[in-house]
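Have a look at these structures, which come just after this line.
Next come two complexes built around chain A: one with chain B, the other with chain C.
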Partner chain A sequence: MAVKISSQSMWTWMFQRLSGLFLGFFLVTHLNVHHLFHDITSAGLISFETVRTNLASSGFWKVYYFLFVPFIVFHALNGLWAIIADYRMPGTLSILIKTAFWIFAAALIITGFFTLKNLF
Partner chain B sequence: MPTFKVFRYDPDKNDPPYFQDYEVPDHKGMTVLEALYYILENLDPTLAFRSSCRMGVCGSCAMHIDGQYGLACETQVAALGNKITIRPLAHMTVIRDMVVDLDPFFAQYEAIKPYLIPKNAPGPREYAQTPRERKKLDILVDCILCASCYGSCPVVGTDEKYLGPHALLKALRFIDDSRDGQTNERLAFVANDSGIFRCHTIFNCQQVCPKDLDPTGAIGKLKMKSLWAKLTGKLKSSG
Partner chain C sequence: MSNNKLQETIRDAALNKNIGSFSYWLHRLTGIGLAVYLLMHTFVLSSAISGETAFNERMGAVQNPFFAVLEIFLIAGVFIHMLNGLRITLADFFGWSRMHKSIFWIIAIIFFALMIITILLIWPKLNPANYPVGG
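And now, the complex of A and B:
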């Protein structure tokens, strides 16, 4: 019979690592596509239009960048929460901070999505 | 002649803690514990510290020696500078001078049930274990519960509910024991919100362990084991 476990920490710990891996991969690909292999001599300096053209080249980038926003928001805020959680707080304060984090995360994700929508 | 700058605190006096300097004549091979005994016997009989075996076995002489946690009986004075600062272990209430209240430390240790809970009721013979199964425990059984890791862990310092590196290392010792029958219960316990996932992998515990054990690595293994147990349905969320 399965043993009961009451822990959210396991999932947040796992997603922190998964999102970290994704972000590492994202960073390398992003640099490659927009910076390292961007031919400045023929195409000129990188501009909003160049990025837009690059990204519009395939549906893959759309998915990729729309994933990037929630992943980085989760990774950053969960990391911050892990530090704050070291200082055991009274339950109400902890709920208040968590709620503020959720609202902040939602605002960041919505802003990110709107920005991306304009880009694609 | 090195000067020992020693932390002093006596709760019976109303003075706040302070440091007191003692000059101790050193000799080849002198340990910090010997120096403390010299102070106690020749300079100041009021100095309080714990010790027993004087040979790195009992774990009672752990303290903060010149910026590093460790055993006083295993630290050579010659390896330190001319001014040696001695403080008690951190994160525990100081009872007097170098003597700290170890109750929370042992309470967390007891919480992980540091004894074998076999799968079946004892039979007429001992529980057999192959040399290979026993070898797995080699790097886990040597802990002498000196609390150096506990004092050095910043998570212990901020979160009093955190189980601590000592208890988590011992938990793996029983989880990895082929004779133990409570693997999933133990994994569920250490994966609670005050357990393994509170560890930030800072490596202090590994760095200070006088027995060269690796509590950080043990916690890492426990994380993977509990995650695997969860993914394979051996642990289930209780909401």
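And now, the complex of A and C:
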């Protein structure tokens, strides 16, 4: 009994796990630098200047954040899509939501890149 | 999403009171929460596009004890989703699905250890006296 399985879902399933592993590593570093080990009693509030100095400290941060943005946007929206897909929407509604997600993803990535451009 | 499907989902959750079902819901709820946070995070940081003054103003608005409490919940969400995601990946890629319950208890211990460290590190941010006066 041959059942045709959409190969697209297989790749999104696979990439959801791979991006997850990647984000695990990246988020731990990101949390440590900007959320956990930023001591306000000695370093003060996080400001434009402190972020710029921080990011300028190594060329690595540039590669890091420009990869981080598309990976996290994919992981978040693909994850939300997986939840929605579980409810088996009617075809037209499903296409509508999917299109909205693609536009939203593009908007988030573009906003993220322009934000980063101003912080580097 | 018809109303019936949602009711079915809730009934499913009530009927399957086991670790697999529990972590499935935890993963979905933290996932939705983190996606919402990603949007708010982008909104706050995107003020950098308008320049330094706008960025400092918006960043200043979210750096206070109230947001520090929310930050603890955020980091808890990140760690739950991260550790449980690792559990899912291990079960999927290495066929460890028969061990998923033991892995759940291991990640639960790691989670509580990480949360103790997190709360200790966030602690100074919970005290208004530690914030610089006038930004």
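The rule is simple: the second predicted complex is superposed on the first by the 99 of 120 C-alpha atoms of A that agree within 3 Å, B and C clash if a C-alpha of one lies under 4 Å from a C-alpha of the other, contacts with A are read in each partner's own complex, and residues count from 1 in each chain.
Just so it is clear, contacts are C-beta pairs under 8 Å (C-beta built on N, C-alpha and C of every residue); 3 or more make two chains touch, one makes a residue touch a chain.
Not measured: the values here are computed from a predicted model.
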item	value
Chain B versus chain C, judged by how many residues of chain A each one touches	C
Touching partner for A:L108 - first (chain B), second (chain C), both, neither	second
Which of chain B and chain C A:G20 touches, first, second, both or neither	second
Which of chain B and chain C A:I72 touches, first, second, both or neither	second
Which superposed partner A:S9 touches (first chain B, second chain C, both, neither)	first
Chain A residues contacted in one complex by chain B, in the other by chain C	87-88
Residues of chain A touching chain C in the complex	17, 20-21, 23-24, 27-28, 31, 35-37, 39-41, 44-49, 51, 72-73, 76-77, 79-80, 83-84, 87-89, 108, 111-112, 114-115, 118-119
Chain A residues touching chain B - in the complex, by the definition given at the top	2-10, 12-14, 82, 85-88
In the complex, chain B residues that touch chain A	154-155, 158-161, 184-185, 187-188, 191-193, 195, 197-198, 200, 223, 226-227, 230, 233-239
Residues on chain C engaged by chain A in the complex (per definition of touch)	1, 5, 28, 31-32, 34-35, 38-39, 42, 45-46, 48-49, 51-52, 55-56, 59-60, 63, 71, 75, 78, 82, 85-86, 88-89, 92-93, 117-118, 121-122, 124-125, 130-132, 135
